[in-house]
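Each of the next two complexes has chain A plus one other chain: chain B in the first, chain C in the second.
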Partner chain A sequence: MSSYTIILFSSIIMYIILALSWNMFSAPTGYISLATAAFFGAGIYTTAFLGELLPLPLLMLAGGIISCMLAVIVGAVTLRLRGVYFTIFTFGLVELLRSLVLWAEIKFTHVRGRFVVSADHMTVFWCMAVLLILLIAAIVLIRRSRLGKSLEAIGESEDAAAHIGVNTTAVKVAMFAISAFAVGAAGAAMATRWSYVDPGIAFNSMYSFMPVLMAIFGGTRSTVGPIAGAIVFAYLEETLITKFPSLYMIIFGLIMVGAILFLPNGIIGLIKPPVMKLIAKLPKRRVRQ
Partner chain B sequence: MSGKIILEGKDLVKSFGGRHAVDHVDFHLNDGEILGLIGPNGAGKTTLFNLISGALTIDSGLITLFGQKISGKKPYTICRMGIARTFQAAKNFPGMSVYENLLISAQFGQKNVGASAAKTITDEIIEFTALESFIGKNIKDMPLAGQKRLEVARALATKPKILLIDEVMAGLNPSEVDEAIGLVRKINDSGITVIMIEHVMKAIMSVCGRIMVLHHGQNLAEGTPEEVSSNAGVIEVYLGG
Partner chain C sequence: MTTFLNILIGGLIMGGIYAIISMGLSMQYGVARILNVSHGEFIMVGAFLTLTLSKAGVNPLLSLALTAPPLFLIGFLLHRTAYKRLTTVTGGGGAFEGNAMLISFGIMFVIQNIALMIWGSSPQGYQFLVQSVKIGGSVFALNRIVVMVIAVAVSIGFYLFLSRSRIGKSIRAAAQDPVAAALMGVKINRVMALCFAIGALLAGLAGVLLSMINQINTTMGMSYTVIAIIVVVLGGLGSIPGSLMGGFILGLVGSAVGYFEPSLQLVAYYLIILVLLLVRPKGLLGR
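Up next is the complex of A and B:
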């Protein structure tokens, strides 16, 4: 594989991780989070500070833990907010962190931005691939667990869930933190791709919006949906940015509007029924033979 | 019928803005009884339920369950301590089947309920509330009476000692009301103490051992159905003369 292909694959895996992480919390609960960029940036800055001290897997672990702790603090405060208030707060959080890190960086280190140790493309790719596999395993396990069931109940009716004994705040914070872990770990790994980061690069709100677009475009009801959406968008971003650098956000927007209008269950919703029909037909044929 | 006091509220106050929805209310619940809670719309009945179940916090006063303070606790804790409730507008989980609705209530309603124990409880509750014919049904396709029965069943699946029933008979036809009355009796016979808010007087008068009347968020009267229905104040503000 050429190094371009490896870099492209790492980007695609990164977006899959962001989209799945967003989806694992926001889809069942209905709480639309725009905090992804905050957790991603926390991971990036973990590597920016500790990059020379630790090997990549440990950096990812550190980035994950820091994002996780951030999510617990933020979640405990804001997950009492419902609906759009929660969304607005999470959006504000990215800006808040960006400004805070910028202020702290200049105040304490007297420089704006920092150089990041770079890692070999292949190492980054494998680390991201392992993270993705762990994330998918976690999603499958959680969906079947008590935690998964209680999240579903919260999404269906939060009051009813609380009154049948679900500790709604604890469940929401736990899931928010778990989803933030993967995002932070991904940020820590991907930071090695930029040789220089500053708060503006690290806490870029695009990383909050893209996963939402990808998950909705692919279909939020399954695990395959966000993966499909992330692959399509990551590839689109790569091609559009080189071919139509000034138009690519407009094209993204149009695709998104089209997806919401015509594909309420995402592209997976479009593909699934005919595939399911085919599968349903298979055993019957065998019986006839 | 009436045993010792198991649930008690003292001097409860809850205001929304400047308005006292519950204004220095005292109440008590005896073990094993069915207590009816009546009063005109806006009297504070549902607010009182919200205070007991922890959906709202009290401004002042004290609620105790088996002598233990429960005011200030979260809904899930109060549920696990043995108080279940239904909502006036049924709040079932619409995306789940009837079976899943009950299973999840059984799983979370008490501490440490394992998967198989939850299934046993679910089967038991389905039989108890006669929901067999709805098991696989979509909630939205159920008739109102069925949805309200499921609302009660969900509360029962948490294995409560006390059940708060909020207007479970509103909107039902007379034969459905009779069925619902039968269910309330059956619940009470199984050892669960009940408080019910209801406007269907037939139901209140026939099942409740004791009735409490609220008006403008205050205690107006209390007593047996006979006493309450002959109380001049109650007739004036609620029953009509």
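Up next is the complex of A and C:
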């Protein structure tokens, strides 16, 4: 593989991780989180600070743990808020962290940004691939566990879930933290791709919106949906954004509106029924009697 | 004393504009249940239309009357197409609110990037009433005083429109209980679209005022959206007096913090909202 292909694949895997992490918390509970960029940025800054001290896998672990802790604090405060208030707060969190980090850097270290140690493209790719496999395994396991069922119950009716003995806040915070771990770890690995980061690059709210769009476009009800959405948009971004940045964002916005209005179950919802019909029409294998 | 006066006047100017912006968002979120994240983009469009008109020799004060109607119309059509379709798709309720917000994010990207293509990304401005006036020993530019007067007048005028006129009454009825209002003969879909359109109109007016006193750029919308959201939550959802009051409170706090440590202004706003959400989640004047 050429080094361009490896970079492209790493970035596709990154978006798959972000979209799946968003989906594993927001789809069952119905709480729309726009905090992905905050966790991603926390991961990036972990590498910016510790990049010279630790090897990449340990950096990812550190980034994941720091994001996880951030999610626990934020979640404990804000996950008592219902619906749109939660969304507003998570969105504000990204802006807040950006302002705070920028202020602290200028005040205490007198720099605007930091240089990041670079890593071999192949190493980044393999680390991201392993992270993705672990994430998918976690999603499958959690969906069948007590935690997963509790989350679905919260999504159906939070009051009813609380009445039958689900500790709703604890369950939500736990899942929020798990999903943040993957995002932080991805941020820590991908940070090595930029040689220089500042708060504006690290805490970019596009990393909050992209996963939401990818998951909704692909279909939030399955694990395949967000993956499909992430592949489509990561590829689109790679090919369009350098040549026509404004046009790309306009297309992005229109698809976002269109997907919500006309594709309530995503492209997977569009593709699945005809495929199922086709499978049903196939001649069935005779069962020996 | 001069420090105090500087902060006070600065706070009243920003507060007046914040109040207009927030009353607009309050119409869209409090009544029509759409947390319109593209609100700030309407402000930006209002500001840039004024800039373009002023380059063509139109007085910015006249722009108040020129930019408002098209933005009102765009808001009305947007609600009649996208949001009405969403109502039928989701059947209202929590799913509507979440998706309505996501749609407004999409609209935000579209408006912002069209504006970027037309007006570019560099900060721009024009000169308007830059003579200085002296108030109590401090010197202020005349344009800031004019903006403050207009902002306060628009806020009070809009409040009177809501509390006195027949349309205002039907809007308030729809805010309290849309189903009951519909049963009482309020044309609910039209009122919702009207509220969204009024929100766009107020955003446009705020944009015109902002362009008179500040440099403007095409990416400024989001920061005003965030402020409007904070004020609406601060004042209480759907409460117009709450937005009015919250706007001025935030303006004064912002002015005071900005005077000593400008980079922490946004942080101060978030602290206010964080404390509020934990102590009194329904807002200052919320029911």
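FYI, the second predicted complex is superposed on the first by the 279 of 289 C-alpha atoms of A that agree within 3 Å, B and C clash if a C-alpha of one lies under 4 Å from a C-alpha of the other, contacts with A are read in each partner's own complex, and residues count from 1 in each chain.
One rule holds in what follows: a contact is a pair of C-beta atoms (placed from the backbone, for glycine too) under 8 Å apart; a residue touches a chain by one contact, two chains touch by 3 or more.
The structure presented is a predicted model; accordingly, all values stated were derived computationally and were not measured.
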Superposed partners chain B and chain C on chain A - clash or fit: fit
Which superposed partner A:Thr87 touches (first chain B, second chain C, both, neither): second
Which of chain B and chain C A:Met249 touches, first, second, both or neither: second
Partner chain in contact with A:Glu156 - chain B first, chain C second, else both or neither: first
Contacts of A:Val166 with chain B and chain C, given as first, second, both or neither: first
Partner chain in contact with A:Leu96 - chain B first, chain C second, else both or neither: second
Touching partner for A:Arg146 - first (chain B), second (chain C), both, neither: first
Partner with the higher number of touched chain A residues, chain C or chain B: C
Superposition-derived angle with apex at the Cα centre of chain A and sides reaching chain B and chain C, degrees in steps of 10: 80
Distance of closest approach, chain C and chain B, by C-alpha atoms in Å: 8
Set of chain A residues, in rising order, touched by both chain B and chain C: none
Residues of chain A that touch chain C when the two form their complex: 30, 32, 77-78, 81, 83-85, 87-89, 91-92, 95-96, 99-100, 102-103, 106, 209, 212, 216, 246-247, 249-250, 252-257, 260-261, 264
Chain B partner contacts - residues on chain A that touch it in the complex: 146, 149-150, 152-153, 155-157, 159-169
Sites on chain B touched by chain A in the complex: 53, 55, 74-76, 79-80, 84-85, 87, 91-96, 104-105, 107-110, 154-155, 157-158
Residues on chain C engaged by chain A in the complex (per definition of touch): 35, 82, 85-86, 89-90, 94-95, 97-99, 101-103, 105-110, 112-114, 116-117, 226, 229-230, 233, 263-264, 266-267, 270, 273-274, 277-278, 281
